Amino acid sequence: MIVEMRTGASQDAIDAVVDRARSLGLDIQLNQGTDKTVVALLGSNTGQLPTDTFAVLPEVESVTRIMKPYKLASREFRETDSIVSIDDIEIGGKRVVVMAGPCAVESQEQLMEAARAVQGAGASILRGGAFKPRTSPFSFQGLEAEGLELLAAARENLGMPVITEVVDPGDVDLVAASADILQVGSRNMQNFALLTNAGRSRRPVVLKRGFSCTITEWLTAADYLLAGGNNQVILCERGIRTFEDSTRFSLDIGAIPVVKKYSHLPVIVDPSHAAGHYSLVPAIARAAVAAGADGLLIEVHPNPKEALVDGLQSLTPSDFSRLMTELRAIAESIGRYI
Amino acid sequence: MIVEMRTGASQDAIDAVVDRARSLGLDIQLNQGTDKTVVALLGSNTGQLPTDTFAVLPEVESVTRIMKPYKLASREFRETDSIVSIDDIEIGGKRVVVMAGPCAVESQEQLMEAARAVQGAGASILRGGAFKPRTSPFSFQGLEAEGLELLAAARENLGMPVITEVVDPGDVDLVAASADILQVGSRNMQNFALLTNAGRSRRPVVLKRGFSCTITEWLTAADYLLAGGNNQVILCERGIRTFEDSTRFSLDIGAIPVVKKYSHLPVIVDPSHAAGHYSLVPAIARAAVAAGADGLLIEVHPNPKEALVDGLQSLTPSDFSRLMTELRAIAESIGRYI
Amino acid sequence: MIVEMRTGASQDAIDAVVDRARSLGLDIQLNQGTDKTVVALLGSNTGQLPTDTFAVLPEVESVTRIMKPYKLASREFRETDSIVSIDDIEIGGKRVVVMAGPCAVESQEQLMEAARAVQGAGASILRGGAFKPRTSPFSFQGLEAEGLELLAAARENLGMPVITEVVDPGDVDLVAASADILQVGSRNMQNFALLTNAGRSRRPVVLKRGFSCTITEWLTAADYLLAGGNNQVILCERGIRTFEDSTRFSLDIGAIPVVKKYSHLPVIVDPSHAAGHYSLVPAIARAAVAAGADGLLIEVHPNPKEALVDGLQSLTPSDFSRLMTELRAIAESIGRYI
Amino acid sequence: MIVEMRTGASQDAIDAVVDRARSLGLDIQLNQGTDKTVVALLGSNTGQLPTDTFAVLPEVESVTRIMKPYKLASREFRETDSIVSIDDIEIGGKRVVVMAGPCAVESQEQLMEAARAVQGAGASILRGGAFKPRTSPFSFQGLEAEGLELLAAARENLGMPVITEVVDPGDVDLVAASADILQVGSRNMQNFALLTNAGRSRRPVVLKRGFSCTITEWLTAADYLLAGGNNQVILCERGIRTFEDSTRFSLDIGAIPVVKKYSHLPVIVDPSHAAGHYSLVPAIARAAVAAGADGLLIEVHPNPKEALVDGLQSLTPSDFSRLMTELRAIAESIGRYI
């Protein structure tokens, strides 16, 4: 942590910074330049220390954090890539894992039709929402417990692991009983009560990036899961909110190499929520694979025109099948496979 | 809702839109221009209908919503300003209500010292956090139940209503037992499980704006509370996330007149979280009152240098007292009082 | 254009809208719903009509534009893809055209070394800045006229077309005399004096997207060039400004399919300015090709450590050569070539 | 400048950083922590040194700038507030200076009617655009030279100084001949050719903030003007681009105290462009005065319904007159006057 004093700061003010740092067990290096005095604070826990500790002291101009605020999710904590295994499917290895299915589970027929289609086209994990976080109280909220049962039945029937979202901290155990992977949605990335409970679960967790959270905040949220003892964490980039309105969100393609650089966790991409329109999904999905994503989470609906939720961004089974062919070629061109 | 067909759309595609609209009980007005066909769909519930219903149909270029997606929070639903009463304090009337106190309750001494100071300077409601939503699992998480007890004791002792945050849907009743006002934090504005439970509570709720949510989404979140039967809803603007980094968030001052235009709910401002630095709080607080805010939520700490949370943005009691004098003058200049 | 009247709007107010529209020669379709009256205005020029024309009238709630504000750049104006030719290089066809070279021309040695390296690795066009738009007046501003001469010499020497930036409207002819392609930088996308002059030039223009401009504004800026008679316009996505700070800008990968959907113009990607760090450039470049970009603009410096401008985001010749191998494989996997 | 080495950086890499710093005449302080080595570089010119100089060196993790990149605009360069005088009007003193008039000069009648109205209501400077930077080539571009003549005539007639925008670097002298204050618009804040020419002019310059530029970039742009020898620089906050779409831009009210803290330059506010709708202008204008703005730039049109540009955000003379009464009361409540 670097504390910059105001120009012409008094010796008393400088001493106060040094004293506070010493009381916290930090090493100090004092740099008295011609214009400015700068105090460098060194120690292994400065990443977790709030900058305010020093910023509130008199005649301090600014405090800059050098160490990242996350710890367990960092590459410095674990150098080699983490791999999360669901049955025999490894996420974070050479395979690019495709999870696909409808945004919301609507009925047994709809779910099974979608599941068979995505499995046939090469997806390895079935997605489907039972609890839906909807922005309006007047919208369809999901089939809830009944949806979980339909997912469990589909898994049984097709031998395909399922991923579904959990929105209430009190529902973690219930959802974990039916699903192979828990999904924490974008709007809940900083729902710390939910993260704490999901961190205690034995199920792998897909942690979607908050649509206005930085990568640093995202990895710090992953620390909540990891600190709870759950090390099966998969990150999912799904687009961030920007001023651009021709897509629903702006997929942050740069997040893929950035996560790979700073973290050991696998990272997948949801092109559907970013695009917001089915016609834009394939290009973003192809880009994600080329950029190095470890998997994709794609919305597929047997009949998008009749979908209760997010039909516009859902691919039809035949569009999905065509996309899978394209993705396989790209994966191979970079030495991976689907 | 306005459905714009692609240039040269076929009659079949146009008919499909019309049929779908009719099946939903909507009135239709067909506009066949030289270049484009546009279908206007009319009916009182189009605000709650997803645009995807029509956007997924073939040869549709775009669908534009005319009605707002929120309903109960709108001025059209209720023309006159709503007033929320806590004891004899009215929020939304002529008085500008100041809520102040420490970010986190740390101890009885700290809370009581802050409470006496803010009451002495003219604040009418005491704020203090017992449950703290912290971005890192390694940060101080609040005194929790013990913090609630300290708040209840302060209320008893000073005859001052208290506001505190609730973060877990399962804690709503617990917090409501100790607090006069429930606060839903920015990171939880779209935590629909929490909103649903807070909507069932009899306590007034301060709904902070999500730091990356539009005003439309904010009012739609308010609809969750209102739809649950709780009509004591107070909105709180606390800054939005932008590219600017010299303040912690960018206070959206325009949100005040916008909310007043489209909604009947009272709106207050939290200048502390937006500013991020005590030296910037007074100017933003003054601006909020001048813009027409119905109240302020300000962090005051008896000793910011020792604060466990957000010390840098906390005012000292004497700074707060000076600010209150300024705010009173501004309130009077626009025909209000504090 | 859709004009929505306020709930309970008077007949006089509705008539005023209708009269104004008629006076502008527009067709009108009046939709009087139970709650709201909506007036649809039809005609081929409504895209170029300001919405204010109607929004200022009494009792108007909102005005929504259906037609896009750009015209010449739209797919509706020209259905087939435009191809821009520089010598025998076609941009917008099956080939993915790579333009590479140093951010700034620093000396003959530096330019020639970079030029030979990028040509050897397969780049077809040489980039290099002579006039540099620098955010600080104390930074290196480019070699200016001397830089143009060095570029012209490199072109002569290696038979490689060159692209360079023009920043002053008065310099368009000067730059066009030395360069094969004029580049309009991100900060100048809405410098309309510059666009007007570049529109009169006979040289192809690469129009970089303003880092905070929407795709709609970008295509409208392209209209300035096209309206001036210059139809050799190439768009370049180079990252937009968002709250994320781990990359210099956030590359908007979704812009590629969006531009392809709404415009006939070719679109290339500059991964260097978006990434801001050489280690992140390859992943973004690969993603751009997979998403369908028609070309890339990449910074390569023979010795990034000694670069006067943007060294951190420049690839070394050997990194560039490795990247070109990867890009070739991806281009082939989607049926294109480099 | 603080250079942080990667964990486990080699001695060679550390030496390379130290050698480079010494070659630039910087003082070095080496901090070898248990986990990380951090090198502090000290010297009075580090603010103007690109961080890339060190960031490109091997095994460097990050480089953090401590000194601000701007110099002449900083409070450290000049401690006391700068005051810009136009005739006997001082901007930056106790008076809050109101500049008002039409967005675009349309005719003599329109301009004179507006000018008389704003002068009558207490505005001291007349605004009016002769050259209009329009996003579409098909929109009205201003009366240009004829508009300048009308402005000069109005000044003569009413004894009121005028402010108008200059958009082409080649037009600076022409505009300076007719106008008392040159305005550099938001889209030109980083048009360095224009800034350089305006910096050579003897006229005061209002520098509008780029709608996606940070305050640091804004003050660095002011350095261009100041470095050219023109020290009559007035900053103007006019709203930044965010995700919020209920206002045209989001006025960054926090920018007022931030500019006052870091710079000696006066700062005014344009509430009209931020609001985008006349009904929202008064609240934002009041907030600006309360926050400490030194002036306002407001659009007033005798007949907004007939305005050729930005009618929706223009106040009528009677609305403006009412607002002036409110603003006077607020100015007085904070010890200033209009």
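A few remarks follow.
In this document, chain identifiers A, B, C and D correspond to the written order of the chains, with residue numbering beginning at 1 in each.
Here is the rule we go by: contacts are C-beta pairs under 8 Å (C-beta built on N, C-alpha and C of every residue); 3 or more make two chains touch, one makes a residue touch a chain.
A quick note: this is a predicted structure, and the numbers were derived from the prediction, not measured.
Common neighbours of chain A and chain B under the contact rule above are C, D. Of the two chain pairs examined here, B-C and A-C, it is A-C that is joined by more C-beta pairs in contact. Chain centres were defined as the mean of their Cα atoms; on that basis the chain farthest from chain D turns out to be A.
Mean C-alpha position of chain C lies 26 Å from that of chain D. Centroids built from CA atoms put chain C at 38 Å from chain B.
Taking each chain's centre as the mean of its C-alpha atoms, chain A lies 31 Å from chain C.
Contact of a single residue of chain A with at least two other chains is seen at positions 212, 241-243, 245. Taken in their complex, chain B has these residues touching chain D: 212, 214-216, 240, 242-247, 250-258, 260-262, 274-275, 279-280, 282-284, 286-292, 326, 329-330, 332-334.
Residues of chain B that touch chain A in their complex: 48, 50-53, 55-57, 69-71, 133-139, 167-170, 187-188, 190-193, 196, 211-212, 217, 220-221, 223-224, 227-228, 241, 277-278, 304-305, 307, 309-312. Contacts from chain B toward chain C in the complex involve residues 2, 4, 7, 27, 29, 31, 33-36, 38, 40, 42-44, 62, 64, 66-67, 76, 241-243, 245.
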